[in-house]
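What follows is a pair of complexes built around chain A, which joins chain B in one and chain C in the other.
Here is the complex of A and B:
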């Protein structure tokens, strides 16, 4: 029993780490630009599929880096052409636009790569189990957590110490003042959007290696990411980090006792958090009401 | 057309005449009665959503949940409670309305993006419940094994089950009831207060209006109306499935309202008509209809953000 529980907590943390990666990208874009990017799942799926196509040419490691970069490049193009026009308007419109983009992404990946699931081939040593005695976990899962940890650390260091990162954080709090101080807000938003989409592409490659690819893979991961953001508190990146891990573990633990309720438990958690702390665990007063 | 949703009398007469005569003119332009019924039901759903979206200024992106609860409520009532169409509609409407009111109380303090996110996320709860609770809801296959029942009205016996025409007029009657109620609400002082909140929430608050209470009532009413539409939808298909609860339907309903014109009482009905006909047509042409619907979303946002009726009005009056 203890071992089963431990296994599921570990598993939950791994899944949670994955939610974190996706939710942080969403959160970045939401905080600075006020856009709920419904197409985030579409970018995620695209990242995975690009990795599938690139792996034979550049290997898994090359695809791991190149595929998110290409996804981010497409994200920048779409930001420039479509999403940029909607900044500052009623959030309704960016919601609808990205919602439509999500449809096009899903249909487009199905059109290009087919409706059946595809695998992303992972280097053989990563598919070995870590230990035969304790419980079954492959090196790939640990590798996923390691990549997430590195990506999250890099993101937080970037936001904490780099000039652009500091401006992004300042813009989250008061974009008008940042603009008045002479910062090119349009470029800031574009960089921020690209970074968010890069994280989505990276999530896609990692998810593809674990679960395989499927045109709907992104939309299935969208809701947990939303919940991670709400539980952690809209406007707070550390909150998103905590929220993602929390719902991952909650789902993992629930799977031990009531397997069929493991989806529902995230929502229960969200309701409880909203009742006790309406702004989420780490949400701040006055931010993003 | 004033901001309060009043439509001039000749326009109003024309709308109702077109709706009453629809089964006769639809076949002439390549339509069919069941398509007209679908437009009415989804139009009512979009108008119910717009009660909140366009007239209170609150962005709910999870209204499919209440629509689907109405559908499941009506289906479950017909299957397990009693073979009665009115009871089914009542049960469905109350199921969605009551749960909507309860959830509304939890989230009414949030606004804008936050409100939209919470409504999407909570809406999905009911999707998962319908998806997982196999023994009651039929899970992924949907709820089957029920059928709308003929209506006994004194000496008359209206066979809405076998006659598509009779069912169309039954739906039109229900539509008229709900739309009439919404119009009356919007014309009342309560409706005026909702408009005030939409236009300037802070000022409304300074005037001493209990904003949260009003938004909550508007949310609950909107849920009640849309569950009624959901109940009708289950009667139309004699079937309810988890997609009736999914957030992608919420998106469809929002685009109907926006495409028709959010600031116009009748806009969402027009939007629903365009959307339903287009979807029907495109999905018969190509399997890639999702891309076309997606493209429609993008084009509406970029070029018709005020909707078809908003554009017409913008030119004459704005």
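Here is the complex of A and C:
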């Protein structure tokens, strides 16, 4: 039983790492622009499908880099044409818009690539377990965790040390003052949105290699990401990191005892956090209201 | 332009455009009063692929019927609505098709729960319905209705067709990965009943929520139980995800993997190395010496981007053709007369497209279709889509439990 539990905690951390990558993109956009991006799952699926199309031409590694960039480029176009118009309004507007976009993404993906699932090939050496004992840790899953770690580190360094990153963080706290100081807030939001969508695209490529592609894949992965943000605390990127890992482990451990509740436990965890500490584990007071 | 600005006008135009988009797809028909067939299937959501294939099959049947003069001399229109894999939406769409579009016959749904809910509506309205793709037993069992027939198998038929093969090949200790809803529960209990008779045991069952993307936690448990075989009962994308992870983890090298229902849609979505295991298909496109089959395959290829038909295409096709056959026999499209005509009706070769006698059993309204038992393979020897090696074809009447055991009692209107 102890071994089973340990296996599932480790496994939960691996799954949680993936939630983190997606949730960080969501969190970036939410924190600076107040947009609850329901289309994030759509961008994720698009990232995966673009990688599927690109792989025969540029290989898996090329697609891993190019696909998130293309997804981010499309994100920037949509930000410029649609989402930008709703900044500063009630979040309900952007929520409704991105909710609609999510449907368009799902059906658009179905229209272009078909309703039937598609297999994604990853390099053969990644597609095997590390050892017979630790069979659930494949090289691909380790690689995913490594990519997540690098992406998270790069994001935190970017926000901590780069001029744009510092402005994004400042804008998250007080956008009006940042604007008054002469910072081009429109461009700041666009860069921030693009970075968030890049992370969604990257999640899509990684998820495609692990699970294959399906037009509905984004919506299935979106809810855990939202829960990760709420559990970790809205407004806090480290909180999102902790939230993602926590729900991954909670789902993994629950699967040992009550398999059918492994999805529900995430919501229970969210409810408990909201009741006991409404701002989330690391969130700031007042941001949830 | 009092109160109506350019923006308002643009918004209204856009809304009108959207309304057009949400209208059902209508196959254009000639003649004054066409016969309308309503079809509700989850064109979006997790079951979109099988649902769209069912619609494609139904459209082919309608085109063929219309080319030969329609049904009772009237052209046929197929009105398709999206249930979005949601019970409430499915019921709403079914009501709309019946009350507003005046359909004479209803087909649907892939999702068992929606199929059952629509059956309540059609029963209330006294309209003939054929359940094209929902497998849960009560539809032609405890919840059977005079106006509801079913084309696809019951879960008990699926279990009965393949359990003895799995038992002989793999051994007595089985572990289940089961989708946590009506279909999964009934299928698992049907298999457990077979396993008990054969003298086997269950080492455990992992109930997985529908739409699970990561099966690793369940697979860790299943492997630690050390069964002779892991039986996968999940379907659609869940089947794809689960099989893929089993192969990635190398579990299949220590514990074989098999199951009951497998679909071509799933095998095609898998990488070659994950196309493994013994299963049953409800219909298969590559069968030797079956009359009219080649023509059906060719017709579907034309409208399916060159891809072969799956069981789902045949379900949709057969649902529409059954309506036409019943109408010809009853010389009417009155639902009660049609329902009587379908009772014990045998499908002709150009519709059944398989060996064995295929007929709607009068006692429970279940189609007695063959089960194709065999093994998945990585690559097709002649055709890249020939991904299933059929070892034997079992007649539906040999695997269906007797009517008395289904719990079905039909109550016909006076």
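Points to keep in mind about this one:
By definition in this document, the second predicted complex is superposed on the first by the 282 of 289 C-alpha atoms of A that agree within 3 Å, B and C clash if a C-alpha of one lies under 4 Å from a C-alpha of the other, contacts with A are read in each partner's own complex, and residues count from 1 in each chain.
One rule holds for everything that comes next: a residue touches a chain if its C-beta (ideal position, glycine included) is under 8 Å from a C-beta of that chain, and two chains touch if they have at least 3 such contacts.
Quick caveat: nothing in here was measured; it's all calculated off a predicted structure.
In the superposition on chain A, contact of A:79 is made with neither chain B nor chain C. By the touch criterion stated above, A:36 is placed in contact with chain B alone, chain C being left untouched. Of the two partner chains, chain B is the only one that A:278 touches; chain C does not reach it. In the superposed model, A:106 lies in contact with both chain B and chain C. Applying the stated contact rule after C-alpha superposition, one finds that A:212 touches chain C and leaves chain B untouched. Shared-chain residue A:118: touches chain C; no touch with chain B. Contacts of A:8 after superposition on the shared chain: chain C is touched, whereas chain B is not. Chain A uses residues 106-107, 260, 263-264 to touch chain B in one structure and chain C in the other.
Partner chain A is touched in their complex by these residues of chain B: 53, 59, 61, 106-107, 109-114, 116-118, 120-122, 124-125, 128-129, 132, 251, 254-255, 258, 288, 290-291, 293-298, 300-302, 305.
Residues of chain C that touch chain A in their complex: 43-46, 48-49, 51-52, 180, 206-209, 211-214, 216-221, 223-224, 237, 240-241, 244-245, 248-251, 265-266, 268-271, 274, 305. Of all residues in chain A, those touching chain C in their complex are 3-4, 7-8, 11-12, 14-15, 106-107, 110, 114-121, 127-129, 132, 135-136, 138, 140, 207, 210-212, 214-217, 220-221, 251-252, 255-256, 259-260, 262-264. The part of chain A that touches chain B in the complex is made up of residues 30, 34, 36, 38, 82, 85-86, 89-93, 95-97, 99-104, 106-108, 111, 223, 226-227, 229-230, 234, 260, 263-264, 267, 270-271, 274-275, 278, 288-289.
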